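In the two assemblies presented below, subunit A is common to both, partnered first by subunit B and then by subunit C.
Presenting the complex of A and B:
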């Protein structure tokens, strides 16, 4: 289910997709670990420690069973988004000049540092998130979030969204194919934008009509406003070990940061 | 338009998370169990629509359509767009973790504003509804870029240039979203006007 949402290759027989030791771990522990990692790493400021955090995330990649190529490509795609900001920062941050470009542009040492800090933080956090949580089946992610006391309505919304993304994606592809069969070729013009707008409008209309049928079907099966969460989450010895090791690693990062900041 | 981890000052990140949590709570209150299938399938539709690439000039942009989301979902746009951003971060690696709140607020608040201000005008129907839809599509993107720019500017003066650039770079996106939203609104009004009444309390 939800091929669009899975980085890992489909793995018949396994509930969670591809292989890798991380797959045996409890989803709740993985979500909490990724969140704790994000908070700690965002709080770090010294570059060597941040680099270590990024290396740690990279080192986890082989354990996850994610294909390294496509995963890293996605990370680089995100860097494309923030590239402009990273390139501008050295020139807009006041401080000691480090590099003077022809044309009088001055890059400061502080600016270069800040850009490196943001790049390392963003990549380390998102990679750890993809490794620990992105390897979950989206439905298991929903169940884990419910067990972590996220509001049930929000979890149901997530589960519905995950369930129908693939269905609507297929519908979108069919409609685009029908448009191609009628010689529609997208270009940078008003006709394209209006056509795509009508496509979006039609998708929303069909989504609403589909949801009416879903509700009818659910009521027909005795829907009373509660969707039971069927799952088999269990927090075992392996999860405790992972938790302790991960907490120790985060503690080391914090200790190194404190030591380096004090030394500076 | 995604902000990443590590770029913003802590007060901005915390403020964004609190504001997003409030918005999500309001949205969930409007979303009774009866309306969850509609909200869920529409949320999936907006997720798929955001993967659509639209050619513009020599390049292409991907849609955001938060104006349309606000018109259709009202306050429920908050949880719906939050779910979309969460899935994008976890499975696509776009955005970040600690900035999830900020990113949700930046995209969902403009959606809700457009829904509240222009929704009644569109529900009335008529010849002008499509024009108001277009205004809503452009307004939502403008407000979102403004929010992103404010978040960056609040985090330090060195981000001002990037903030201005973000706003300027999105002016063509506003034009595209305006035309698209106008077309989507006018089609939906003709085919199924109930689309704009999905989350209404009195029905």
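Presenting the complex of A and C:
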């Protein structure tokens, strides 16, 4: 978990990623572009077009100012979640045998194709998401989602998570320190499991009570379910240009897909 | 007289911030009671955590009971003999009931369940807290929580007691009760407290923490 978190900005709400050209674009445009890309790419089925989409996402990486190494490592981490499926698919999909493993396991041509399709789709989409949306700091993302008319509850959930995840982490760290101060050393035994279970349970109880106190304090300041968002989003000429270019690129992907499917 | 706990030339800074400690040194002898005094944010709590190896200093050495402590295994040994009462009782109490929370330390020391529970009952009696034995820690009052955290540490029978703002949020009655308990303890005590009256009645010596270093209190009583 720690290595996943370590890529997060040191201060939640602070800017993420370097000063790439993408940084100046309006967050709403970036969120919409990433969503459109995801919809189009999941609809593609011919492998060359999918590969082109993945290359396009990769080509956007330098524009984002994200460090290539850690970003690609994060993408590979996502692959870990679908790895089992990718390995099993060739052996479970019926079709023409392409490869026979010792022990009688048969990998089919259709299965291999399906696995490649899913791997390309997932990686292209996740990479584009990281480039366009992952470079937004969480607060700006929240503002963009609110302005895109997403349910306010979801936006508040995101903004409160950003605000309080550090508080919770600090509380967890202090309690773990207090446990160590009382000579606790985790091991594979009942005492450890019970103690860690109680730690998690107590964190949940405290978080719940804290949330009630926060709500009470917000009500004292006149909260009625609306948080006024102070943002300075503006959709300018650069954003329009980006939108048009991005839409053209997506159009090209669709046209190639249609042409290839007809030819087949 | 050899010191129970010795900190020498401790340097420490939180990442991205100005250094908190810059050459702090301190020695606590058997039966000695010392108070650390200093403004908010001068690193008093940090120093206590460093003493137990919960955070590591950038520079400086820590000796406990004559043994140098450098690695986690050294500190694991010394934490069995040095108790720390945290500033916020909620950081310390995490088990559902008072008895379970007090038994946590003795179980970590390797005692059997029965022995641990015997010790729990003994310490509850010593602190006159037996009525709280089966209460839910989360529902205790602030004063009760404070006394229970003291019990969770005393039950391990430490030789040194580090107290971080123990009178925080205590009413006068509970404060007097805490003071009486602490005065009767034989342990060496290192106390962090902003309360001059409380310090005056508990400790023999005060050290002032300012600009990352410890020195004699500039305004002795």
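By definition in this document, the second predicted complex is superposed on the first by the 227 of 264 C-alpha atoms of A that agree within 3 Å, B and C clash if a C-alpha of one lies under 4 Å from a C-alpha of the other, contacts with A are read in each partner's own complex, and residues count from 1 in each chain.
In the analysis below, a residue touches a chain if its C-beta (ideal position, glycine included) is under 8 Å from a C-beta of that chain, and two chains touch if they have at least 3 such contacts.
These figures come from a predicted structure and were not determined experimentally.
Contacts of A:125 after superposition on the shared chain: subunit B is touched, whereas subunit C is not. Look at A:183: by the touch rule set out above, it reaches subunit C but stays clear of subunit B. Of the two partner chains, subunit B is the only one touched by A:167; subunit C is not.
Contact with both subunit B and subunit C is seen for A:198 once the two complexes are overlaid on the shared chain. When the shared chain is aligned, no partner comes close enough to touch A:240: not subunit B, not subunit C.
Of the two partner chains placed around the shared chain by superposition, subunit C is the only one that A:175 touches, whereas subunit B remains out of contact.
In the superposition on chain A, contact of A:114 is made with subunit B only, not with subunit C.
Considering which of subunit B and subunit C touches more of subunit A, the answer is B. In the superposition on chain A, the residues of subunit A contacting both subunit B and subunit C are 195, 198-199, 201-202, 205.
Across the complex, subunit A meets subunit C through its residues 10, 171, 174-175, 177-185, 191, 195, 198-199, 201-202, 205-206.
Within the complex, the subunit A residues that touch subunit B are 5-7, 34-35, 38-39, 41-42, 71, 74-75, 77-78, 81-82, 84-85, 88-89, 91-94, 111, 114, 117-118, 120-122, 125-127, 129-130, 133-134, 136, 138, 141, 151, 153-154, 156-165, 167-169, 172, 186-188, 190, 192-205, 207-212, 214-215, 218, 223, 225-226.
Across the complex, subunit A is touched by residues 2, 4-7, 13, 24-25, 28, 31, 33-34, 36-45, 47-49, 51-52, 54-57, 63, 65, 68, 72, 79-80, 82-84, 86-87, 89-98, 152, 157-162, 165, 176, 179-188, 191-192, 194-195, 198 of subunit B. Listed in rising order, the residues of subunit C touching subunit A in the complex are 16, 49, 52, 54, 76, 79-80, 83-84, 86, 88, 90-96, 100, 104-105, 107-109, 138, 152-153, 156.
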